[in-house]
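You will see two complexes here that share chain A, one where it goes with chain B and one where it goes with chain C.
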Partner chain A sequence: MKRLILKRLLQLGIILLSVSVAVFLLVNLAPGDPAYIKLSAQGETPTNERVEEERIAMGLDQPLHIQYFSWLGQVIQGDFGSSYRTDQPVINTLLKSFPYTLVLALAAFIVMLLISVPLGVLTAVKKNSLADYFIRVLSFFSASLPEFWLALILLYLFALQLKWLPVMGKGELKSMIIPAFSLGVVLSGKYIRQIRTALLEELDADYALGARTRGLTEKTVMYAHIMRNASISILTMLAMSFGALLGGTAVIENMFMWPGMGRMIVEAITWRDIPVIQGFALFMAGVYCLINLMVDLSYGLLDPRIKIRKESGQ
Partner chain B sequence: MSILEVCDLSIGYGKQRIVRNVSFTLKKGEILAIVGESGSGKSTLLRALIGKTPGGGQVNKGEIIYENQDLTSLNQTQLRKIRGKSIAMIFQSPGGTLNPVRKIGSQFIEAIRTHIEITKAEAYHKALEILTKLHFKNATQIMEAYPFQLSGGMKQRVAIALALALEPDILLADEPTSALDATVQKKVIDEMLELRKHFNTAIIIVTHNICLASYIADKVGVMYLGQFLEFGTAEEILLSPQHPYTRALLDSVPDLSQKKTLTGIEGQRYGFHELPSGCSFSNRCKEGGVSCKDLVPPKTVSDHGHVCICNQLMNHRQDRNAKK
Partner chain C sequence: MSEKRKNVQEIIFYGLLAATILIAIMVALANQIAPHDPLAVDYSMILQKPSAAYPFGTDNMGRCVLSRVIYGLRSSVAMALLITLISFTMGTFLGMVSGYYGRVVDTLIMRITDTLLAFPGLVICIAIVGIMGAGWKNVVIALAISGWVEYARVSRGMVLSLREKEFIKAARSSGCGRVRIMIVHILPNIFQQLLVIATFNIGHLILTFAGLAILGLGEQPPAPELGLMLSESKQFLQLAPWLMVYPGLVMFLVVMLFSLLGDCLRDRMNQKTSQ
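Let's look at the complex of A and B:
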């Protein structure tokens, strides 16, 4: 178990390092002079002289690899630099907006789970029935809906017409309902079908046939056998969807003025606030890797084949 | 007294008829072996007996009489009460019927409690009892183990024990040893013989190994393209086979003393879609005549119930009598 964690952490380090190179190069090789951008972001008139001064202050006159390593050194210490625009440390901005995105993504994730797990199971159990057909058509629809469109409909209905919910808010629970639903419903369209497929793949497995020949009800076969086996692939799928959710809230966050990372990053891109963009990319890569790591570790809890191999240290 | 009676059973997938007019009876504690090359419909027949034909398969005709009721007329709920309790089944993949991610003990308990209303603890003890009866040395450890922690032969033995947890009247075994090493095969087969002794379980074992069949079985059904071409006691089938196909099967068995190697039966068999109106073995038969392909072979039943479906049966008898 310890060795597995160490191995995964090492992999995580390598991945993050590669991401850091990509992020660094991408932003530094993009057109436009960072010094010029920084000055204009801070509201100064970027005269040639000032730009030149700033370039030296920012170390942009150094060779690229020196720039990279000094940047990386700071990043490792948790210093992602300061925002060009606000001069605030990037890490503060990230940590301030991340909880909002996390909460929104969690809420959307729960909505998605509540919709897609029961419906995915239902469509698998009642394969080729009218209910299955109906839900599949619906899930196809919802998966192809743009989130903002659904959000607009929900806003119109529940905020403007019924006035049950606020149109937008500053991060309180009630104002999260519509955004979370919009994200969750659209995502569930995809996962209903994936859960259905994962279950159907197991439907004719040997162990399922065996369970049936022992006289178990189709329900027990589904819940105590097939779901248990399929839960591993379903868990992976769902965990990955959470990662995708964390990175995919930008449109909704901007629509609802939700003070999360999606809004932060759109703003940063508008202003070409390079340190913030870099910080965001690295941060998200880190979160992704962490989710991956957690999924890997939780396999052991669900799959005894892995768990016991781990325990016996193989 | 016969415990299972199959009368004129035909099973098809869609329009394709696979199992054709199969009849046999099985007595309490009797072992019937069904032999034949793969693809002859053995699995289809076996699974039909518990109402679980592979996807799309359907009984078209005939009866399966168990305890005075025709199983083909029961619905799935009624069949479920028989499955596992009165008629159990094991398969080719060793322990493939076991769920890989659940402990063996929990699968025993679940199977037992499906059919009888007892507590988990009682079911646990019942399971231990069965395992002990079948000479498992470390029964408690096996109950705590996951299938993947056991060897192939052990898994198959556990699968047999699980199938027997409720002391069924009939055990259906679909090539239970084909995937095992030769050394383990014998052990599993001996175990099946033993449980027949213990529980007086009737067994239908499917195999493509006619030697194995005659070693274990009381009766043998020789299946070819969905038909029982010959059916009789193991002794008769082995020592005085009547059907050319049975003889061909016996001839294709490697025999160390005669330095004969496995030859298989020459020729390509008909597909199920292109069966002739006459004998389905006619295109590979060394003993048949030109008319066999078109002439519907008669079903000859001897006084003591030996069945053979062959056009040339009378000729063969005369031939052999002449030789004697």
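Let's look at the complex of A and C:
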């Protein structure tokens, strides 16, 4: 297990290093001179001399690889540079808005779990019944729903017509219900189907057949054997979706003025605040990869079969 | 599978295909079909309910919602097709090269895909468009950069398994060059599966395109764009809910259409291979 963890950490390191190169090179895509952009973001009308001074101050006159390594050295120490506009450290901006995105993603994730696990299990247990078809059609609908549209419909019904929920919030719990629900419902459409497939795949496994030939009822086989075996892989699949969800809240956040990462980044983009955009991309990639690594490793811990397979290098 | 069930599936498939063609014709002939100019402002007709002259009502500037939806759908579909075409071609080419040549080329291309896959959801697109500036051209570039990865991964995997098949060995021993083998012998064998992915992706791209527009990164007002229309509708939700209903409904139906079509294509392909 130790070797596996080390190997994974090394892989993670390599990926994050290439992510950092990509994020660094992103700036070179930017039309215009970063020094000029920085000065204008701070409200100056830059003259040529000022831009030239700033270029040297920012180290833009150095060769590209030297710029990269000095930038990387700072990033490793948690210094993502400072915002062009406010001169505040980027990391503070990120850490201020990240909890909001985390909470929203967590709430959406819980909604998704509460919908997709029971319904997914139900469709597998009652395979080809009326309930199965009905839920599958519904899940198909919800998977095609644009979550921002669903959010507007819910807003219209529950905030404007029924007046149960606030129209607009400032980051309090009640104003999170509609955004979280919309994200969760759309996501659950996809996972109901995947849970069903995961369970049905096990139906024909040798151990299920063995249990049946020993005279166990179909119900016992399903609940005591199949579900137990499939549960870990289902949980892993669901946990992996959480990382993706963190990167998928931006649109909803902006529609509902939720003060998370998605809202922060749009504001940064308006001001062409390049260090913040860079920091955002790097931070999100780091968090996403870390979550996936943890899920992957705990998968091995929970299921001894996987652990052995992975260690023998398969 | 029973004969009857198979027939039903055939009917559904051709029905979906017909619907897709109908939409294609509708958006291609947007100029003729749309009852009004999608940009024509008419302050005497502000926020009118759906009526015979304006089947989907009018917005806060008196513009015809139906016409805007038709034009919006046209730009969404065109964009999705353009991005799919670029990422399909690029991804398949790089994936095939990666799988067939192996070694350094493979490692390099796969490390690039790893890098792009390290960004969750929209993050990479937001970052690229954010730095290059808003507008549909940059959105196309950003979505193509993140979109080719899936095609590359899948085609690489298929090439790896095909490479050792008898017919490829036979082609090689009868003197076919690498390029010829890839284009004539491998590509036709992986094309169908890639087409299924492409079909699924079109719906997803339409949603992403709208999402980026809502973020202010895609099409800019006053362009008729489904996502923009939705985000503008929020202000008038109480007064004019139709502004929210129709663009969303159309987007929902089109996305569902493509995902149903993808499902059907996949089933047909699986049937063929299992026969």
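One rule holds for everything that comes next: the second predicted complex is superposed on the first by the 301 of 314 C-alpha atoms of A that agree within 3 Å, B and C clash if a C-alpha of one lies under 4 Å from a C-alpha of the other, contacts with A are read in each partner's own complex, and residues count from 1 in each chain.
In this text, a contact is a pair of C-beta atoms (placed from the backbone, for glycine too) under 8 Å apart; a residue touches a chain by one contact, two chains touch by 3 or more.
None of these values were measured; they are calculated from a predicted model.
Visitor: Figure out whether A:Thr213 sits in contact with chain B (first) or chain C (second), or with both, or with neither.
Guide: first
Visitor: Using the touch definition from the top, say if A:Leu246 reaches chain B (first), chain C (second), both or neither.
Guide: second
Visitor: Kindly classify A:Asp204 by the partners it touches after superposition: chain B alone (first), chain C alone (second), both, or neither?
Guide: In the superposition, A:Asp204 touches chain B alone.
Visitor: Could you say whether A:Ile274 touches chain B, chain C, both of them, or neither, answering first, second, both or neither?
Guide: second
Visitor: Would you check which partner chain A:Ala224 touches, where first means chain B only, second means chain C only, and both and neither mean what they say?
Guide: The answer is first: A:Ala224 touches chain B but not chain C.
Visitor: Which partner chains sit in contact with A:Phe148 here, chain B, chain C, both or neither? Use first/second/both/neither.
Guide: The second partner, chain C, only.
Visitor: When the two structures are laid over each other on chain A, which of chain B and chain C touches more residues of chain A?
Guide: If we count touched residues of chain A for both partners, the winner is C.
Visitor: Which parts of chain A are in contact with chain B and also with chain C?
Guide: No residue of chain A touches both chain B and chain C.
Visitor: In the complex formed with chain C, which residues of chain A make contact?
Guide: Residues 14-16, 18-19, 21-23, 26-27, 29-31, 140-141, 143-146, 148-149, 152-153, 155-156, 160, 243-248, 250-251, 254-255, 262, 265-266, 268-270, 274, 277-278, 280-281, 284-285, 288-289 of chain A touch chain C in their complex.
Visitor: Which residues of chain A touch chain B in their complex?
Guide: Contacts found on chain A: 204, 206-207, 209-217, 220, 224-225, 228-229, 302-305, 308.
Visitor: Along chain C, where are the residues that touch chain A in the complex?
Guide: Touching chain A from chain C are residues 111-112, 114-116, 118-124, 126-134, 203, 207, 210-211, 214-217, 227, 230-231, 233-234, 237-238, 241, 244, 247-248, 251-252, 255-256, 259-260.
Visitor: Quick one: in the complex, what on chain B touches chain A?
Guide: Result: residues 50, 52, 55, 80-85, 88-89, 91, 93, 96-103, 110-111, 114-115, 146, 148-149, 159, 162-163 of chain B touch chain A.
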